[in-house]
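Before anything else, here is the set of structures, which you'll find just below.
Both complexes shown next keep chain A, but they swap its partner, so chain B is in the first and chain C is in the second.
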Partner chain A sequence: MVTVSTAGIMSTARTGQLAVVGLGLVAPGVSGPADAPAPAGAVAPGWFEAESALPGRGYRRLPDACKYLLAASRLAVGDAGDRLAQTGRDHRGAAVAINNTGAALLEEMDHTIMRAGAEEMSPSSSPFIAMSSFASRLSMEHGITGFNLTVNSPVTAGLEALQIAARAVAAGRARAVLVAAVEEALSPSQTQSRRQPRSPVSGPRPPSAAGAWPPPTAGAWPTSAADAGPSAATGPPSQASADGTEAGAAVLYCEPVVGGYARYGTCGARGAFLDPESAGRDADAVLGPLLGDDPPGRIDAVLDDSAVGTAAARWLDRLTGGACEVVVVGAPAQAGCLTPLQRVVGLFAQEHTAPTRRAVLAASAMGTLAYAELTVAPRPAVEADDGVPYPAAESSGAFTEGASRP
Partner chain B sequence: MNTFASDPRVVITGLGAISCLGTGVGAYWDGLLAGGGEPQAIPLPDLNMRTKKMYLVDRADVPAEPSSHAGVELGSSPRLAVAAAEQALADAGVRDETRAAVPVVLGVELGNSDMQELQRSAGRTTWTTLTPAAAVVGAAIGSRAAQTSVGNACSASGYALTIGLDMIRAGEASTVLVGGAEGATRAGMGAFNRLGAADPLRCRPFDRNRAGTMFGDGSAMVVLEAAEHARRRGAEPYAELAGAAWSCDAHHATAPDPSGDQIVRAMSDALADAKLSSSDVGCVIPHGTGTPLNDVVESQALRRVFGARVRELPLFSLKAMIGHTTGAAGAFACLTATLVLRHRQSPANIPIDQDPECDVWVPQERPVPLAAPAVLVNTYAFGGNNTSLVVKGVVREASQWSP
Partner chain C sequence: MSGNPTAGVNREDLRALIAEELELPTEEVTDEANLKTDLAVDSLTAMEVAVQLEKKYRIKIDEEEIKSLTTLATIHRLVSAKVETAR
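Up next is the complex of A and B:
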């Protein structure tokens, strides 16, 4: 008889950290990282202008999700100055999170098979039967030969991509990683959602999508648990559109903390599992170790109204009255993995005068949980070109708390 | 003490499998020695395509439970995953009360597609996740640790194995359940038919008449464990997962880079990670899908890594026996490598009319005794997403492996 030791829940062990050098975001009704927390605009035709976001040839026949991912990646790579160009191809990686991307196309292809036969399928669409195909062009476009990894855990995949990227960087598998989440609209017939978003639309009205960027204050819809009463089930509107569909892409250009350039700060992520069958009973045993006993000043929690989301929201109520502000972000049941990583982007884009700790919690109805901890570097604002030269890749110092921007 | 600095090795202490060869690792190995499985008609409606066969788990062997998870009806993939997971944990002696600390990392691509396709044929169109399997396994085994689902198509579980390896090396976990699971798929078959990549006869890698791949379903699971942790609890490892490496062709959406540079790099880096040389490899389980260009490029890359020795180095062409299990292929290959090391032989391959452009040794007459202490596993995928893994024997001294 053999046994395994039970020296704590290993899932909550601290994983490696990443330095965040660049941000990129493409989403309806959102003009840049600083207004990432804004409620999503409608996923209506024309919200994304491929011709301006992706000038050049060869994009027309790609699925929309590929275009979102490529456009947001260009922004993140550009935001990181010439860091990618300074990094050898074999040291470049990508970790891309995908849930519903490909769902509408998959349905369309399967309907074609059912009604007309496989020979009537589009040959250019057929490779997208594989989820990782949505990220293939990313490697080609940016010469990423280190690795290109696709994760597809429901809801939590974006934060898992951060964790996997941090682990891969620590293991020497890359020195620069594009961490991305991308989603594409479900078809109308797929969006017969069984549940409504956790929170009704409430709080201040969002700014116009055509408003100035960055807006005067990013993340304008925090609703603290203290303000929310006995349940934290209020908060900003969902970042998915009303039909339960997410669309867009969020990308972080990341490097190792040691030798990297923590322009926006540093982050790490970890995961846990809360069985939906016993979510209420187990919440404390799972969420307690996952979040730890030193909560940051603000936690954005992306939760739906499933048993897991409800248990997590109730558990977060215990933070009421403390120094931690809990922002519950309502997620429709069919939400994908974009919103949690979009939150990370938004939190990094906020202005602070001192290093500031933030976190994003994501939970899926399936039971997967992921928690990303951020230390946002002090910066006056995200600006397109502030005239400050970027340090050379692999030679700049790590961000340390209290350090000013290089 | 909860660190394993004195012995940083990661070992394989449990195995589980359910495939067209049957349920359980014993049936699996016996099935390989007997020449593998035969393609069967896919049990899905509306299969309007030329090639309609896969290497399938006997439908009587597909567990009926769990039939749903968090309101999502489950197809065969998550149910097969749970069955293989339970086998692997029981095999490793990981007791119920300790499973809360075990993370799960699965390679899953089309996952729950068979259930979705049945529903679609019945007029039900509401979308539910394709990839519940990792969470379903987590619930079934009582895990409270992270459940990760990797979707790198045909190399998904190669990536998953590497993630599990890195988790243990980083000290995040002492034990990780890693594997892959796939079910039958109409959409996947249709796409491969449309791309001209579905062989109508069988999966026949390195054959001059190969005409694409043929899918298989099933689930393979391995328990990865810190060597010191295994030793402390008295578990006897099967083998060591000694090295792993990733690369990406960044060349084409579906076709491999004809230069093979990145798959050579993955093999070389995996050997370097294992602190082994190419001469330490006694068998290769290639990606070998039966897709014309893939098999040629991989054969050429093997020659670059192993030199003239490639003609004496036995390949075990696994997909010819169980089909291409896509997201689970890396896990099946790792499991097979472990069994090759345990039994110190690679099974005889299915007879082929070998393509002279694939200048590698695919021994077909009889099993070949293992002449060196490591087995190299390759997994590749659309987009040029490559992994190579090195599985190494743990029991016997290296000196005993002299050819």
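Up next is the complex of A and C:
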């Protein structure tokens, strides 16, 4: 087990591609991957029905966030049919992004120790003091013995998990990887403490910004007329709840592009570092190479109102005159990592008649950037009436990397 | 002092507690069902059972004793003896 904390990546790093076979999503107010960009529902007690999502024994005492993760992973694995079962345990891996997942739990444990003593702590939840335990439990659930990794970067961890998974697949460490992001709502006291104002945003707002700058924490800020599309114009489309916290889990079942089944398409991710002290000045030098000179048809950018987020938004604004639609999504106040990966799930769930390029950019106030490029496969129909979730790989005509792009 | 050390602990209460912790119907927790081999209890769940027994009956179960929590009958004897000693 390895815990990876990536504070900053000084240069752009490129990794391989992943084939996306299955999707799973559990979030308030969301019924499935196609709803991923929809406005988040309230993180209210009871939004997640554990007994129906996780029938059977052994789940009741798990922390809620672990239940979200397991439920979403079940959906993703089920969505991929029996492919995981056909993959040897040592060739299964998991990369799990976590930021605030254990915060409320740790606070609860602290209170238990202070009020009643350590002997009152639950043996079942105590292991989750270690944040890597969420990935461990996921691995136990699915017989994953190849590797599991936990990524803890604010905001960007979900996309970095994609990058790590692609690297592991390229190295031959796994033939199936569950890439996940999971977050849990903060406790009321934690939410209050994180509502302190950020440092002032430097520089003017982007010239074509329609609406207030900086973007509202739990809303979206469209940067082009094309954003009058479904994701940006129908209310606050951020995955952050009204109180600015995230809860839920997103999981992608991934395989190598070669020999795998790109049912939903392919993706890869890379990262860079934009120094907050010189973000405005360095944006072009950093974001240009990161995004490349052939932008996709749509970029979902998860940004906050920090100097880095502002610089990235202003830089992205130059793309809006072309064929690239930019959807700016307010990063959650808690700097959680669910929103960017949830966007990836949502973009893959969209149906297209031809291979379609999409991307998700995430930036943290500390300067870490992550960029995931997606090529969404043509997918006119996913669910078959006979109960078979998708055609067999060999006969599906599945999209493969290198197919023509629009 | 009672001549029967198990008289103070209601077996059906104990059965209900264990069934609750094992997430099983009470009828599956028979007197002689082996928690590990028959009811698929792992070490973590056994610890949960021990913690709940400690809370309910205000007793202390040592780590080594957790291994002896094999059936409802043995648990009943162990808990009853500890409750009796604590009186």
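Here is the rule we go by: the second predicted complex is superposed on the first by the 310 of 406 C-alpha atoms of A that agree within 3 Å, B and C clash if a C-alpha of one lies under 4 Å from a C-alpha of the other, contacts with A are read in each partner's own complex, and residues count from 1 in each chain.
One rule holds for everything that comes next: a residue touches a chain if its C-beta (ideal position, glycine included) is under 8 Å from a C-beta of that chain, and two chains touch if they have at least 3 such contacts.
Quick caveat: nothing in here was measured; it's all calculated off a predicted structure.
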Could you tell me if A:344 is touching chain B, chain C, both of them or neither one (first, second, both, neither)? neither
Output check: A:123 vs chain B and chain C. Expected answer is one of first, second, both, neither. What do you get? both
First (chain B), second (chain C), both or neither: which does A:60 touch? second
Where does A:366 make contact in the superposed view: on chain B (first), on chain C (second), on both, or on neither? first
Report the partner of chain A that touches more of its residues: chain B or chain C. B
Could you list which residues of chain A make contact with chain B in one structure and with chain C in the other? 119, 123
Chain B - residues contacting chain A, complex: 2, 46-50, 69-72, 93-95, 97-103, 108-110, 113, 117, 120-121, 125-127, 129-132, 134-136, 138-139, 142-154, 156, 159, 163, 166-167, 169-175, 186-195, 229, 232-235, 245-254, 262, 265, 381-385
Give every residue of chain A touching chain B within the complex, in rising order. 1-11, 13, 15-16, 89-90, 93-94, 98-100, 103, 106-107, 109-114, 116-119, 121, 123, 126-127, 129-133, 135-137, 139-140, 143-154, 157, 160, 163-164, 167-168, 170-171, 173, 186-187, 189-194, 270-277, 282, 285-286, 306-308, 334, 364-368, 370
Contact footprint of chain A on chain C as seen in their complex: 22-24, 40, 44-45, 47-48, 51, 54-55
In the complex, chain A touches chain C at residues 57-58, 60-61, 119-120, 122-124
